[in-house]
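Note that chain A is present in both complexes that follow, paired respectively with chain B and with chain C.
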Partner chain A sequence: MFSFQLFSQLLVSGIVIGSSYALLSVSFGVIYATTRIFHFAHAIAYTVASYASVTALAKAGLPLWLALMVGLVVAVALGILIELAAYRPMRRRGASTLALFLTSLGLTIAGSNLIQIVFGPENKPLPGFPMKTFAVGAVTFTNLHLLTVIVSWVCIFGVVVFLKKTKYGKATRAAQSNQQMAMAVGIEMDGVSLLVFMLGSVLVGVSALLFTLGGVASPNMGLSPILIGFIGVFLGDRERFRRSARRLRARSGYLVVRSVAEW
Partner chain B sequence: MLAMTGQGSFFGKVMSRGAQLAAKQIKENGGPEFVITIADHESGLVPPAVTGVRRLITQNKIKTLQTSYGAPSEAIIPLVQDNKVLTFNGGGSSPGQLSKDYLWMTRMLFAYDPTDGALTWLAKNQPNVKKLAVVGTNENGVEVWKEKAPRIWPQLSGGSIVATEIHDVGATDFAAVIARVKAAGADAVFTVSFGDDLGYMVKQFREANYEGPIVGIEFTDQAAKVAGATYDTYVFATDYFDVESKNPFTAQFVEAHIAEYGEPPEYYGSNYYEQVFVIWELMRRVIANGGDPQDSAQLQQALIDKPEFYSVYGGDEGTVGTMSFDLNDHSISKPMGVFGVKGGKPYLLAPIKKVSASDDPASALLG
Partner chain C sequence: MDYLADVGITILIYIILGVSLNLLLGYAGQVSMAHAVFYGIGAYTAGLLTLPVLEAAEGAAARGVTSGLGWNWLPALLIAVAVPLVFAFIIAIPAVVSVTGEYLILLTLAFQVVVNQLMNSLTTVTGGPYGLTPIPPFSLFGHELSSPPQALGFFVVAALLAVFVTWRIGESPFGRLLKGIREDEIAVRALGKNTLIVKVTVFGVAAAIAGMAGALASYYYQFIAPGNYSLDLSIFVVAVVVLGGAGNLIGTILGAIVLGSLTPLLQNIAWIGSSNSIPWQGVIYGVGLVIIMRFRPQGILPEGLSPRWFKHAARSASAELTGAAPGSWSLGVDYPDSAETCASGDEGDEGEDVVRISGLARNFGGLRAVDGVDMALRRGRITALIGPNGAGKTTIFNMVTGELKPDSGQVWFRGTDVVGEKPHKLARFGIVRSFQDVRVFQQLSALENVAMAVPGQPGENLVRLGLQPRRTRRAERETRAKAHAYLDFVGMSEKADELVVNLSFGEQKLVAIARLLATEGDVLLLDEPTSGIDANSVNQVIDLILRLCRFGKTVCIVEHSVHVVDKLADHVYFLDHGAVIEEGTMKDLTSRPHLVEVYFGT
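Take a look at the complex of A and B:
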């Protein structure tokens, strides 16, 4: 029997979790569409962002907002490090897509085990967010849910604006469209790659921190969300993903799919 | 064979610590040197479990095995039986592992044994609760949400199960489950979920303004960290390990654990700690009878001959706790209780006991 209460709650929940996954998909997609690297190690950037914030809060005693900033900075630094130390040297030696993917997979396994060795397998909470529940009729959601939706879509719109309106964004789109042609007109591919790794890493860091505010950091926390983010990219169509103007439509489609799945 | 990596790696850490501490204590007190080799089932995966145990048997030549989780432990049964490796499970014990030669449980059957007491306590203390939602996974506790809870809840309360929700192991988002439970009008939730999932579930139920009782069958500090203050609304029933116990065996275990690792032991760690002492006791009995302590068949026969052992559960200031294996189904009997949570720490609400399917489930509640 149809229940409007159930439908409404699932719709709201689907929008919340779907927004989070949409952000993850964009963070992965912007790297994949530009570099053609299946950047599985994105899961480590996700995890490291959370651990950096937890450490900054618990060990360094920083206020929550500053601890979150530390998490984002560390995620970006890790993204840059992976590109410079792993992917770029391999690309220069003509490594295949499969070799790059296997490298990424290896980094993920080694990274999550290293985090477990350093921090232990215990959960690490990130306390301090003033959680509050809102009720609209029978439908409930928290202020963190609201924040997740708003921040996710602000970030996604920000990426679209960046790609469409800025010089570096246009260079990125050119590289996504045709790397040889982009280089022929003077676009420096190494710089563009570095840029998308920074962009993708900051987006995945945002997603990780939104999750950790309502949960905990743990060594394997990045794997599941990144896998779902991959699905979002393919639902959005990797070819279509290159065309930023259509990206929102793809992400919206993902939201609908997610809501139906929740049902 | 433990969960050393993956989402359940915390369990592997505390279980291995318990076993290694026991081995160290036994050696320091003049006993044999136990060489502990760990295989990783990657938090419940069957293929690495089978591969790992096969390696332990063929390369490490193990004589006894401590296993964990439900599915991997069921998968290795033919291996340990064919190779006569005496095996103990103090983690995910399940009805599917009962009455299997060479396999013995050192904890009450996960979810199955405490369910009678938990639901009786709920029916007695919350008489207005009639419509019950059951939440679980397909990994452990399957028999409870499929068969036991639907059978005994109507007997105990006159009510019914209005929702049965199954989620993936390792889930962190319960929004859909909560929406369906609320839409079904459930007065209370009974869950056989485990690990961090429980913490996320309880937290999200409360954040969704669900005010009914939530009763489960496990407590871990890790899940309590996830749930934060909302865990103080959670009630659970299990063979809970009490670090405050005055049982002399427990007291020295807790003291040694703190000295070795800087923190008190945890429930699962205690099960694997006392398993090593069970093995040592079996070896002593076999040696006393002039047998070969490296022969698992003789070790198992020594267990069958006298299935009582010292335990870190139960007992009191002047008495060491004991546990006894059931020779028919290879399960164990330990003290169980229904517990509340205050400030993130459990406290006893009522003692409960295991009852058979033919008994009145209400007889499980002792308090």
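Take a look at the complex of A and C:
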């Protein structure tokens, strides 16, 4: 039985979920496309962003917006730390993709268990978001949903513009399409890698915080969104989405599929 | 006593899971993140088969208990080995078609998560989050054996079996193929081996062994729940293999013992307490993984390294195999000792056209890499393809050997069009190639490199390996003797047991030629056989090629050195921008002024 009301409600929630998935995919994708690292530990950046905000709010008593900033800063710091302390020395030694992936896996396991030891296995909320519900016809949604969609796509378009227009973005794209050639023309791979780790970590932090505002933080929260991010990237473009325009088109396609699947 | 036996059983389960995953991860270099799920599929299969049959009146659903078939544990075990095998085939077939490692990680990861989720949600079959219970324990002759010390025996037997089977497979010709695939799959295919079948098989074997462990564990714990088969366990098993040393079974056993004793040890440390012992175990092996990858990526016991007593056993086993080797087997053919030119023999007695190419074309995007090429490779004659970089020479090789599909045109081999055949098929027909970048298997010995190329080895088939152990062992002795003979032919017999990675580039090229010859192919396509090696080795390679051609092989070389082409080639094709511009003898070509200008120089 076809119910228009149900369909539109599912379409709306599909768009909300799809947008956050798209953001996750892009956050993983910028790192993967440039460094070829299957950055599993992205899940920890996601989890850590949430926990940092929760702690800043509950323990340090910061206002919500500042707590969210703390979450983003911590996520970026972790991304930089992982790149500098773990991946870069290994890359210098010519480590294989598999070795890098296993390192990432080890970081994820150690990280999520450490969070459980420090914060306990129970869920932690991030309260204080002024939640409002809207109704348009029979379809209801919250201002957080709206925020999620807007922020996600603003971030995604921001990344695209950054990659296309700025000097650093162009260097990143050059490194994505041909690393050796990019190095030959004077682009420093180390710098580009650091840049994409920062970029990816900010995006994953945004995604984590949007989620936690309406949900809770838990030690293993990073796993399933990251899996979705991985799958999004691989589905997104068979040629490993070298071109951002194509990536974007694929994302929108994915979004539609996702909303249909929800329904 | 019970406690120790219980810890022992846990470790033995890790050993079984570890050695089976090592076959996949360490030997074949294929990452599987789904090992826990195969273990789980075995457990659920065994559980569903052995659970007692419930009367409909009792209302299985009403009590929330799933009804089983009431089988005995032993036949159920056999089915529990077979079912994961089938699942593995289903997942492996799409996985192995694509060769990229990341894709495989993703696919197995998705399989792990989805199946684990299904275990939770298919409540009518799996009992949902509460799982299946009570599964009947082990029994022998009507006696139930449910205490840990009683069950321990079954696990010891199973672990010994698993280690034996994986060791036997790993050290067989099949295992050699696995290592070859790990090192360079394209090169294995070019030797005429069907790597797809090998990869699918090894997936199946690894899953079947994990399924066995799952069934036994279900009899012991008498309880199955989805949480036991989560991604955490898959990652844990990967850590066991990697920490111990990928490609080394003793290392895996060591890894299982070390990581398996972590939880019981941590539980007994007062300040951690039993509730935090599992997270601490995660932290420790996670950090361990990072440290090992950073400082000792080959693991605690690297491949090929083993404790003394084991090494002794291995050496005596291989001595038995190689004892009769060098010189005991002749190539069975008389390659001429040396030759000045190949076709110098009888003028006019031209051999047949073994390979004929007509209208071959291929585009890469907008670039016409090869644009309607016609050429013929004649038996007993050395054909050379020359021309500037990017003229399409290697692309032609790639199309003739099936590595690349032409957009149009035909490749005739002894009168049949072979376009569209798979690379390993063409290699078996006798069209074999060497690579510009050599592509020898770096982490294998020179002998293993050559032995892998020997066609028709029964030990590459797991069924025959299991059913005809003596025949396969005899065949392996012969293979090794042949490999020795080929190495001797190229003058490399003294370096037979060296790992290829330790050889010089020139020596690696010689090993590559021996490997090529061992395929027994008739048409040899040599891509820059003398590039990057010193003058002495160049002469050695020239001499070898001449002798091969004299013997009757059809030889085609791609070469930039005018000196080498001049010495070798009877017929030369000059290519530019994907088309044949001129052909003839080297003398003809060097007398054409426009070619001198653009290519040969003055």
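In the analysis below, the second predicted complex is superposed on the first by the 261 of 263 C-alpha atoms of A that agree within 3 Å, B and C clash if a C-alpha of one lies under 4 Å from a C-alpha of the other, contacts with A are read in each partner's own complex, and residues count from 1 in each chain.
Keep in mind that, in the parts below, a contact is a pair of C-beta atoms (placed from the backbone, for glycine too) under 8 Å apart; a residue touches a chain by one contact, two chains touch by 3 or more.
Quantities reported herein were computed from a predicted structural model and do not represent experimental measurements.
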item: Joint occupancy of chain A by chain B and chain C, clash or fit; value: clash
item: First, second, both or neither for A:38, with chain B first and chain C second; value: second
item: Contacts of A:142 with chain B and chain C, given as first, second, both or neither; value: first
item: A:227 touches, of chain B and chain C: first, second, both or neither?; value: second
item: Contacts of A:158 with chain B and chain C, given as first, second, both or neither; value: neither
item: Touching partner for A:89 - first (chain B), second (chain C), both, neither; value: second
item: Which of chain B and chain C A:114 touches, first, second, both or neither; value: second
item: Touched partner set for A:16, first chain B, second chain C, both or neither; value: first
item: Partner chain in contact with A:122 - chain B first, chain C second, else both or neither; value: first
item: Clash-bearing segment of chain C relative to chain B, given 134-142, 260-268, 314-322 or 404-412; value: 134-142
item: Residues on chain A lying within both footprints (that of chain B and that of chain C); value: 112-113, 116, 224
item: Parts of chain A lying in touch with chain C, wherever the complex brings them together; value: 38, 86, 89-90, 95-103, 105-114, 116-117, 223-224, 227, 230-231, 234
item: In the complex with chain A, residue positions of chain C that touch it; value: 29, 31, 101-103, 105-106, 109-110, 113, 231-232, 235, 238-239, 242, 276, 278-290, 293-294, 297
item: Of chain A, residues touching chain B in the complex; value: 3, 5-6, 9-10, 13, 16-17, 112-113, 116, 120-125, 127, 131, 133, 135, 138, 140, 142, 211, 214-216, 218-220, 224, 262-263
item: Residues of chain B that touch chain A when the two form their complex; value: 5-7, 9-10, 12-13, 170, 172-173, 175-176, 178-180, 182-183, 196, 199-200, 203, 207-209, 222, 225-226, 228
